[in-house]
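Heads up, there are several structures right after this.
First chain A sits with chain B, and in the next complex the same chain sits with chain C.
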Partner chain A sequence: MIRTRQNLLGWGMVSPTLVVLALVVFYPLVAAMRESFYTSGQTLDADGFVVEGERFAGAANYAGVLGERFLNATFNTTLFTVVTVAMEVVLGVAMALVMHRAFRGRAFLRASILVPWAVPTAVSGLMWKWIFQADGVANAILGTQILWTADGVWAKLAVIVADVWKTSPFVGLLVLAGLQIIPAEVYEAARVDGASAWQRFWRITLPLVKPALLVAVLFRLMDALRVFDLPYVLIGPRKASVETLSGLIWDEATRVHYGPASAYGTALFVYIAVIAFVFVKLLGADLLSDVRARKKESRDAAA
Partner chain B sequence: MHGKKITAAVVAGLLGLGLAACGQGAGSTSTQKPADGGRGPLTFASGKFEAEATQKIVDTWNAAHPNEKVTSVLLPESADEQRRKLIQNAQTKSDAFDVLLIDAVWTGEFAANRWADELTGPRFDVAGFLPPSVETGKYRGKLYAMPLFTGTGLLYYREDLVKQPPKTWDEMKKICAEVLPKQKGMSCYGGQFDKYEGLTVNFAEAVNSAGGQFPEVSSESAKQAARFLADGFTSGMIPKEAVTYKEEEGRVAFQEGKLLFYRNWAYMYEAANKTDGSSKVAGKFDVAPIPGLNGPGAGTLGGNNLALSAFSKHKETAKDFIAFVTSAEQEKAFALINSTPMARASLYEDPELIKKYPYLPALKEGILAAKPRPSAVKYGDVTAAIQESAYAIVSGTKPVDQALAEMQSALGPLLK
Partner chain C sequence: MLLRRAGLVGIALYCLVPFSWMVVSSFRRTSDIYDKSPVPMPWSLENYAAVFADGMGFGRALGNSLLVASVTTLVTLLVGTMTAYALARLTFRGKNLVLALIIAVSMFPGALLIVPLLKLFTTIGWINTYQAMIVPSMSFALPLTVWNLTVFFRQLPLELEQAAMIDGCSAFAAFRRVLLPLAAPGVFTTAIIAFICTWNEFIIAVTMVNDQATQTATVRIAQFTGAAKFDTPFGTQMAAGVLVTIPLVLLVLFFQRRIVAGLTAGALK
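And then the complex of A and B:
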């Protein structure tokens, strides 16, 4: 009796959360999926007015998923994700190691490394656009006359550079948090045992910082797969060389093609979900890894 | 797992919400008169660039109509954002805006979706306006937006280097061949060739100036127009960085003395004449109507018009207000504060205004010869199709004939 009442109480207390989740997460998701099977506002009547109401379109909206433009956008999105996340991990870890060291002016250095992350993406997009314009800083320094912001392979590079500049500090920050909980004794013990600096990094730092690093990578993957603002501001919409999936969805929605936009949105959702699932399964990124697991690991490593 | 599910859901979700809002197809607009006779206070969705002048006009109205006050709400700066905001409001049937400032190319979309009401009656007499600008307010021959602002491309040229502005493309090339060898780092001609609305404007201008016509873009005249641009880029007549130019990038290049001729809207006249050191060409340039293939060219019409929201609750007042803003008196008051060209013909003969804006006669000549961009309910698709092929032409990634054939087949079903 008491148990049932407690159960009811428990459900009662979590129900607001469930309602909010249902409203914020599931309703939009289901609504978008439903919309992806409908079409509206695409035909005119004899007097030139748009025929109102929507009609079931079956899988017609998904036809574009096999089209050149969608595949190109998928390729760009994947390329940006792989390249930028890989570079950001390397740079981010390096930044974290530097930030972690104790020296004069450390606070200043930490603050300045974080500046790019604090700049809003649209603003940093404009800033890099200024750098990459035809008579901009980039060409002046390199002594080149590259049209970075025109459609082409250079535009890809420009987006990658700007994205890595902006988000490496984010990875650095999360890794720094991971570094700070590694006890100093572990390093001491390693040093006593005669481990070189490289061995200490490879055998101690990296394994112990792995949980934090994986969280950072997972966040960055999710972020990079739905990147929109940087290519949009820096290079411009509908440019094939940098059009990402989110960019494509935005363009369709702007042109009031809500059906295809929802279909592509659903496809992007599935893509991101699959990547996240595979990532978690393969790398065992235990996002709920708690202090216990971490303590155990540090014990193991120290042993 | 939750984190990224939410992330992904938000992507899909943001879309979903927008869709859900528009999904519930619109019922017919009510035609019966409300109890207050359709009179009462209004909200006017207006442009940021003209905020000061708009407010002046609104204040004048409010002083005379204390019971029907108008509040001016500024729309976002970029045209895309403005359109999105207005469409969102229309799809939710919101009466948040009563009078809308819409771009000349949106008339068809707003009329066909029944977002804007047809404007009829003596209040909307368009006799005193420049005829091409009236056309931009019409859909299938009926007036849906009252002409307010207009404008077209002008040829800015260096008066200190060019004696007589060119009337044709060949004359322009000839002048360049004479002048440029003595000028260091100067190119002949520039326009807006980045992949955005400006490219549609520039491409349409070239086609119309060669005697071509949309949607027949595989005609011989359209081919000559496309070749003028494509060859211009390969020969260096147009600098290759012009493929990244929007209005402002090109303006800066012209002000730095890097261009002999530049195509831009009237707004640049003031900016390039500033004597605060930002412009190296202040006082050294003038404007002329744009050149064409065999004679003066035909510019592309720009501009914004006033539409009445179909969801307004105070339509009678709104109609009065639209008539008031577009009256000769108020358009002149507006022009004295803001340099955006107005649609009333009489303003181009007004000595006071000509003194303030010396380019008005050239602009009038340009506007009378100008052509609107292709009018379509799905203008977004039309302009995307034009930009796709035109960008291939100016960046040289596709042969002219192939790009035009592709444009033709994309435009065919949209402009039938």
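And then the complex of A and C:
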């Protein structure tokens, strides 16, 4: 009796969210997947008559997936993701270790570390575009004359620098929160046993901070794989050296090539889903750990 | 100790120097925009005047951003608070499935969603409207809100609602009269984070709107052009960038402790 009532109430309270998500996420997802197998616009049929509207196209839209532009975008996206996430983890952990147990100036530090996070990506794109100008401050400091924002290898580096600047502090914050729940006694015990600072880091800090770090990395991976605005603003749309999968999809969609755009979108979706699945399975990033723990608690209490 | 202090200074410099270069550049005159002096000499408001010149549409764009971000935040809070309560407090069949679903949705690529939505909005005449930005923005704002609030609600003591329910409150009344007032700080923090994320949104806004009158500030400044066509007006862009970021930096300064708690809550529990 009580169970059914809780079931009803629960679903009643959850359903508005599910309805909204159904409209803004699941409908587009299904529509895009359907669209990826159709072609639209005017064409001539076998007898030379004009055919209007949508027609089933089989896997024709997916032909582009083997094309140079798609493969290039996949390479750019993957390179960007691997490099930025790796650098963000290293820098983030380093920042967290420095900030941990720092007392003086803590509020100031926390506020400043939130600045890169709060700067809109589009604005940070403009900011780095200005810094990386041919006559800009980056070249002046380095004593170089690199054309960072022209289409080329340097453009990749510019985008990576801009992204690492913006998100490493965020990773640092998440790791710091993970560090703060490690009890000080653990370190004291290790010190008494003669563990060096290096050993304490590898054997204690890293394993204990791993759950927080994994979740942070998972979020960052998913974000990096769908990156769009940073290369768009910093270098420009339709630039081969920094065109990401999202950029390619956007370009096709705005040129009303809905079929290929949907096919690429579906491919990106599958790519992200596979990475997320592998990540969660292999490394055991446990987003629902708390839910499971609670369930066990209530089972134990009932028993 | 010395090393740690050097590290702290390093972090602060890392975070603030690029941003301050933008601020410094925004106060230079157009004629000395390429100066490398650490402070502008002389100070000038030329760029700020240029940002608000007629035809730039920047004031309007700021207003549009405010409108889109506020409405999105409000609607997601209305919908998401209830859901988060149910996920945090009630036991019902399929709850974990809903939770997993909401987390999965937050990882969706926006680029995939815009394709069918662009087609749909073209058909129903929503291109260049506010709702064309607000409705798709729910796709990332709502999962974020629900997830954050679920974590907040779980941290509140269960006994309070149980007491209220023993005193005869229904579960819903216990939520509305007892838990919600207590959760106000958490709801507020979530609202700030959702607001900032929506304010910074780009791909939806740049796709659904091409009319200057409805454009949001992030898209508007990316499309500023100088007097001469291929002349990028960097000073103007920096001034506009500072103006778009200032509201967020103020929010961050005032509510830093809460924002950090909110950002890390989802990742830790």
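Keep this in mind: the second predicted complex is superposed on the first by the 253 of 303 C-alpha atoms of A that agree within 3 Å, B and C clash if a C-alpha of one lies under 4 Å from a C-alpha of the other, contacts with A are read in each partner's own complex, and residues count from 1 in each chain.
Basically, contacts are C-beta pairs under 8 Å (C-beta built on N, C-alpha and C of every residue); 3 or more make two chains touch, one makes a residue touch a chain.
Remember, it's a predicted structure, so these values are computed and weren't measured experimentally.
A.B. asks: With both complexes overlaid on chain A, does A:Glu54 touch chain B (first), chain C (second), both or neither?
C.D. replies: first
A.B. asks: Where does A:Val98 make contact in the superposed view: on chain B (first), on chain C (second), on both, or on neither?
C.D. replies: In the superposed model, A:Val98 contacts chain C only, not chain B.
A.B. asks: A:Ala253 contacts which: chain B (first), chain C (second), both, neither?
C.D. replies: both
A.B. asks: Touch check for A:Ala276: first (chain B), second (chain C), both, or neither?
C.D. replies: both
A.B. asks: Specify the partner with more touching residues on chain A, choosing between chain B and chain C.
C.D. replies: Looking at chain B versus chain C, the one contacting more residues of chain A is C.
A.B. asks: When the two structures are overlaid on chain A, which partner does A:Leu174 contact: first (chain B), second (chain C), both, or neither?
C.D. replies: It touches chain C, and chain B stays clear.
A.B. asks: Scan A:Val233 for contacts with chain B and chain C and give back first, second, both or neither.
C.D. replies: second
A.B. asks: So in the superposed three-chain picture, is A:Ala31 touching just chain B, just chain C, both, or none of them (first/second/both/neither)?
C.D. replies: In the superposition, A:Ala31 contacts both chain B and chain C.
A.B. asks: Overlap of the chain B and chain C footprints on chain A, residue-wise?
C.D. replies: Dual-contact residues (chain A): 24-25, 27-29, 31-32, 35, 133, 135, 219, 222, 226, 246, 249, 253-254, 258, 261-262, 265-266, 268-269, 272, 276, 287.
A.B. asks: Over in the complex, which chain C residues touch chain A? Could you list them?
C.D. replies: Listed in rising order, the residues of chain C that touch chain A are 4, 7-8, 10-12, 14-16, 18-19, 21-22, 25, 34, 36, 79-80, 82-83, 85-87, 90-96, 98-105, 107-120, 135-136, 138-139, 142-143, 146, 154, 171-172, 196, 199-200, 202-203, 206-207, 218-219, 221-222, 234, 237-238, 241, 244-245, 248-249, 251-253, 256-257, 259-260, 263-264, 266-269.
A.B. asks: For the complex, which residues does chain A have touching chain C?
C.D. replies: Touching chain C: residues 3, 6-14, 16-18, 20-21, 23-25, 27-29, 31-32, 35, 94-95, 98-99, 102, 105, 107-123, 125-128, 130-131, 133, 135-137, 140, 165, 169-170, 172-174, 176-178, 181, 211-212, 215-216, 219, 222, 225-226, 228-229, 232-233, 245-246, 249-250, 253-254, 258, 261-262, 265-266, 268-269, 272, 276, 287-291, 298 of chain A.
A.B. asks: Give the list of chain A residues in touch with chain B in this complex.
C.D. replies: My answer: residues 24-33, 35, 38, 40-41, 44, 47-50, 52-54, 133-135, 147, 149-152, 218-219, 222-223, 226, 236-239, 246, 249, 251, 253-256, 258, 261-262, 265-266, 268-269, 272-273, 276, 280, 287.
A.B. asks: Enumerate the contact residues on chain B facing chain A in the complex.
C.D. replies: Interface residues on the chain B side: 1, 3-20, 22-23, 25-27, 80, 84, 87, 111-114, 139-140, 194-196, 240-241, 243-244, 249, 377-378, 380-381, 384, 387-388, 391, 395.
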